[in-house]
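The two complexes that follow have subunit A in common; it is paired with subunit B in the first and with subunit C in the second.
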Partner chain A sequence: MPSATVNNHRPRELLSLLASADPEIKVRALREVKNQIIGNRTKKLSFLKIGAVPAVSGILADSVDNVIDSNCNNDNINNILVQSAAALGSFACGFDAGVHAVVDAGAFPNLFRLLGSSNEKVVDAGARALRMIYQSKLAPKYDFLQQKNMEFLISLLNSNNENVNGLGASIITHSCETSLEQKALFDAGILRKLNGLLEGGSLSQRDASLESLATIFKNNPEIISKFSGPEIGRPLSSVIDLAKDRYPRTRLLACMCLIVIRNTSPLFLQDIGIKTKLIHILLELLDDSGQVGDEAPFAFSSLIAQKEDLQELALEANAIDKLLHHLQKGSLHPRRYEGILLALADMCSKMESCRSKFLSLQVLNLVTDALTDDSADVRTAACICLKSVTRSIKNLSAGYFMDEVIVIPLVRLFLDPSTSVQVAALGAVSNIVVDFTTRKSIFVQCGGMKQLVQLAKSMESAVRSNALWALKNFVFLSDNRLKESVFSELTACLLASLICDPEPSVQEQALALVRNLIDGCINSIEFAFAEDGLILAAIGRQLQSASKAEIGIQGMYALCNVASGNEFHKEAVMHQLFPLMDDKNQSFMMKFLQSNDSQLRAATVWAILNLTCPLSPGASGRLEKLRNAGIFSQMKNMVNDPCVDVKLRVRTVLGQSMAFGNN
Partner chain B sequence: MPVRVAEISAPSQVSGTISRHTSPPACTLLSVGQAFSGTQNVSSIQKEEAWRVNVRIQGCDLEHGYLCGTMEALNVPMADTPVVTFWEGEIVDTKNYTFFTGKWDASPEDDKRHWTKFPSFLPLLSQVEIDGGKSLDLSNCPYIFMRWKEQYFVNVGTDCGLTIAGFYYVCFSCSDGSINGFYYDPNSSPFQKLELKSTNEGRSGFSFSSYELQ
Partner chain C sequence: MNKLVMNFLVTEGYVEVAEKFRMESGTQPDIDLATITDRMAVKKAVQCGNVEDAIEKVNDLNPEILDTNPQIFFHLQQQRLIELIRNGKVEEALEFAQEELAPRGEENQSFLEELERTVSLLAFEDVSNCPVGELLDMSQRLKTASEVNAAILTSQSHEKDPKLPSLLKMLIWAQNQLDEKAAYPRINDLLNATLEDPAV
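Coming up: the complex of A and B.
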């Protein structure tokens, strides 16, 4: 243990001691730097600011040539190498700015050179330092595809030194990304070596091996099937056994490896027993008070996300109760808080039974509390959790979520400095405003509607399109008074420009919003005609150049809705469909009718149906025009459309047209 | 991470949530926001009576065979105002639900007795008798069969003198949006008929709005 007198120097003093010519003073200074910065982020930062890393790196560089000299038994040199490596490792440990500084200072290659020393302590120090750097995403990428690099990696894994072969595994975990790299590692026999560490290694080697294996398996079903094949023994069962190991970190890493295997190759690990086991192990790991417990909910999420069968099993295992129980503890580490909220979000993402369970526990406040947390990641996770829970149509219908306690903190997040928080809050609000009761005014009263309109003008396209999404849902089936207030806040001019926004997703949401505005009582159609028909003209313009089917669908439904009005409205739609008197150009309608997208075909046929509705005085004139444009010939080709909905509408239109005589 | 769920009124879901190929087709007329109006015949031996009924679809999740909405009954003698209930529907899609109810005091015999009152059901009867219709391919069927169960009263108390203990066997026509149904409740008059048509709410044509859940 360092004595009490050692850590007394201030950073600047230590910096000048590091520059001393006396090796013993240098070593003591290095040791003191290391002792001061270990586990102390603030200290790391202050040393960083005064250039400590280049200084230590320089010391390492000056002494590293001696590593090659195998007769070097100079204790001082070895101590300098060990302490400088240890100090650099500490700077990098869990501190990205430190990693950055170490790499920038050129220390990285020199640390690798330490591995060639005949002195075990020097090798250890180098390997440990490099392992700490490789924990960070900022570590330089290792190029496995170069032959000599692969050979070097193999030599690391072959080493008897635990830190050195652990370094080999860390490099794989950090740098293996593409399937090409995965294959190269497989071809070089790396899996066999890792499996050896898995079965015969120490705790640290097993853990490192589990992480590396997961990296090599990820999204690569071919390698997984080779690993699980007969040639390499029965390694899959080794991993399964390790999921029951007595060390929590090993259990977690083994679970994560199995989850990667399962998500990549759904044929494996299908047994309901193993699925249930994984769920139980991960839920139990939540009890760990350290980093393992912080990471466990993320592993749980990756197991159940998008998979109803697993969510169902987890529901039976009381996952929701357990997650909420941990949430209730309070004072959670931000990473754990975020993880639990996201795990709950995944549990409630698809199944009403899960959402019902969650809501029945009456602890929504635990989630709304997180909306005001200091961490942006936690606030985002809370919004995502609310977004999942508010998919409950039953409860939306009952107006359960349109409550100030939920709405007000969410609306506050519209002004959050983090864009991802804003977008996540908009997501939750988009669902909540689908409210069928008369309580929508709560949202207006708390300023939410006005805020949404402001956000529709944001520089960020994701914010614009999500704000419009929320507004679209808000005006769905709303009374005219509410629609008027939204429209006067938005203005026809802004809405028209959003319809023609550079971003397709914004165009789509703006058109869908218009579609909803003009549905309902017949007076609502007038919104499309405000300011000399700005909006109607924008719709027509956008449909000419619709870049994706969804834009066509929303735009055509908007026109369809206008065309369900009176003669004036129907003629106005015709003008958008056929802008020029002598229209030689193929109308976009023809293109839409021939689209592969059945919804687009359906929307277009509905518009035609409305335009040729026999009870309208001008229907025959419109029919004639559509016929001349070849629309009816096209529709005759669609009487047996593969989509039943389209087929039925086409037949209705053609049947309707019979009322006008021969066609 | 959770991803976006699309609950749109137009047929078929966003790719990735398309129902299996034997399920009934999605239909624009049976989608969120759509409204229907007509009557429910509540005649008993004592007297002839019919209530005007308005229905609105509020939720639709084809992947899970789920539908929900409100039903508004007008000119109900015991009530001062129209009575509104919230109902949830099961779509007979051979995947989530079959023609056999399996609950709500309805036996397979009760099921058959009711379904056969719909002419459009008759071609399906023989298969239903074998396996409840599990192996039927309904993907080209222009009718959608459902059960609607009222869950609670929205605007009146449970002491209003009305019951929502039973449920409706429902047949929806995709071509014109008409709905026929029979109310089943062992404690009420049998075969009370529900007849609804798709409404245009004063418009000269059809109008569609939608919402999308995130």
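Coming up: the complex of A and C.
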């Protein structure tokens, strides 16, 4: 019968046993703590709360001096070291609070000292515990740039003990961040060692080596070309071979390493054969029911994101069907759920063929279901997926997405506690409200429009700018009644203050919203003049100090739209462009006309075009003013502007000015 | 051929046989026979229903295994519960289910279904005849034991399946494929493995 007495102690009892002077009692207590916490997150937490980590750490500290004494074969001491290290390692395993406690308790340097023991079990225990700590973001940073540290790292990689060189690889994987560090590692010959482990090592050594290599290669094309050069044999081919290894985890890590190389250096792995292989391997890894299958979709995303050629190949490989098939399985681990949704989002981000394929399978409900998932990451991913899919203009025009099943849960997410969910939901809604059939009533009915206005007042700038983006799209080409309702909800005051928001991205969206509000019939122009011309003044003010081209573009188009109105409107715009009576002051218009950004030049010329339209009575006066400000000489320099839009408008303006005689 | 046999003996854990085989054939095992002893002790403990003992031994061998394999840890805990129920220790079983198993279900939703099945054993008076009665079978112990064995092998960077059975499967498949295409000397009796000429 099992010794039922062993596991019956409560945590507090064990804590007091740990403090015993008798080494045998101490060891037994340590062993029991270890056995109670391994695999048991709940127990880790309870022990943590009563201060078990500092207690165990203290025991380690007391005994660790004996490690260096090579004559010490004292079983008790070694047992204490092994059990305390194992316990600390378990506290740190996959448990950030545990890592924090272990590091705080000062155990970290002592664990390193264990590596110098002559007792294999002590070394193993120390190495394992340290590896657990290095899996976490809370691990102390390893300074590779110090000579001493690099030598120590090399000694770890040279060790015969698998746990020890696994630790070396782990340190690299989790601590190497900058290109300076990557170079230092390369210069110290680390790549050669890792390659050795790759080709001749055991399963865990190969896996660890793949991860470390990927870390050293990341964003460093120089090192990649050195690695793939003739001096080190043909290491790239060993990685490629490992992508077909029998073990799923090895295949995944090899693919991830190859993807890092591909994304960093355009010279390598570009042929269609390797691209297709990577796609097939990753799609097949989705079938793995464990952690490998959870991570596979993220690797897939990193392969195809922003790359149409790969998305094309993936489409042909039935990626969308396969991803949706896995989505259909239900009760997915949150990480896997998130990964698959993001992979679908990446697939549909650029190509209509992918979106059509997705929508043709009629399983949009799989994505909308995820909008109400418990995990914020899953909800965010679902919104991002919808944002991609709703880029399909064909389906937007058909009003396919303006559906209660989609709109209502999205609008609910506007109130989500997580900012990233809010922003992602706004992104999806921004596309959906560009509903060319103007059947926007569902959105208004579920309170969506009012919510957007509320979000435009959020403390988070990302939420403000995305809410304005959605409103901008909402009023695009919509009827005046809708614009009125938005404007009265928003108020001129709020809109004016948003135009002058501290965040440039918010300013840009606010100006774009005004542009869309004013666009259309001549009555819409009145929005700019509400509350004594609050908005018009704000536009003028913001254009004076525009911090980036996009702000200038939206602002000028807004003024351009105002200037398409009557005399009064045109004069009001002139007042904004030339606020001081002194004409000699350089207007921001000159700056915009001389900008490198063709869109900004075009917007400015459009405004001038409207201001100098010959049909208006006051046109000649405005022309004079513009001429005196040097605008016309500037435009004469632009008759051959590289941008066709600019060139044509400039010629129209100059042509128009001929109607007034002087040139 | 000897290597295949050794690989089979070592993976399945027949230490004494492997030792003898090494002496007689001179074939070197690909892992240290001492580690096999440890691993076999764990397997035996589970097969005998001494799960607590097995857990302690696994943790002594390599504390990472149960810390990084929630499924195996859950199955071992599940087996502990089954053993308590088998021995009629109902109160202890209930306490154990509440304190040790329920948190596993909270930490990982995919375990909930199996957890419910196991706990439902407590609801039946005649456990050997109830719908979930197979949980009390020896086969359940063997399943768990084999799972733990595989995990230990993997952690030692050894393949968890012996090569011999796969090779046999491949032989049978290859012969089936060839049957459709040619006449050839065939192995019909796997025990003797003699090549038999095709009928004329």
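Here, the second predicted complex is superposed on the first by the 656 of 663 C-alpha atoms of A that agree within 3 Å, B and C clash if a C-alpha of one lies under 4 Å from a C-alpha of the other, contacts with A are read in each partner's own complex, and residues count from 1 in each chain.
Simple rule for what comes next: a contact is a pair of C-beta atoms (placed from the backbone, for glycine too) under 8 Å apart; a residue touches a chain by one contact, two chains touch by 3 or more.
Remember, it's a predicted structure, so these values are computed and weren't measured experimentally.
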| item | value |
| --- | --- |
| Partner with the higher number of touched subunit A residues, subunit C or subunit B | B |
| Subunit B versus subunit C as contact partner of A:42, first or second or both or neither | second |
| Touched partner set for A:602, first subunit B, second subunit C, both or neither | first |
| Which superposed partner A:553 touches (first subunit B, second subunit C, both, neither) | first |
| Which of subunit B and subunit C A:89 touches, first, second, both or neither | second |
| Contacts of A:278 with subunit B and subunit C, given as first, second, both or neither | neither |
| On subunit A, the residue positions that both subunit B and subunit C contact, one per complex | none |
| Of all residues in subunit A, those that touch subunit B in their complex | 301, 305-306, 342, 345-346, 349-350, 352, 384, 387-388, 390-391, 393-394, 396-398, 427-428, 430-431, 434, 436, 469, 472-473, 476-477, 512, 515-516, 518-522, 553, 557, 560-561, 563-566, 570, 598-599, 602-603, 606, 609-611, 613, 615-616, 643-646, 648-649, 651-652 |
| Complex contacts: residues of subunit C adjacent to subunit A | 50-53, 55-56, 59, 62-64, 66-70, 73, 100, 103, 106-107, 109-110, 154, 157 |
| Of subunit B, residues touching subunit A in the complex | 1-3, 5, 7-8, 10-12, 25-28, 32-33, 56, 58-59, 61, 64, 66, 68, 70, 86, 88, 139-142, 151, 174-176, 200-214 |
| Contacting residues of subunit A [partner subunit C, same complex] | 1-4, 6-7, 31, 34-35, 38-42, 86, 89-90, 93-94, 125, 128, 132, 162, 202-205, 331, 333 |
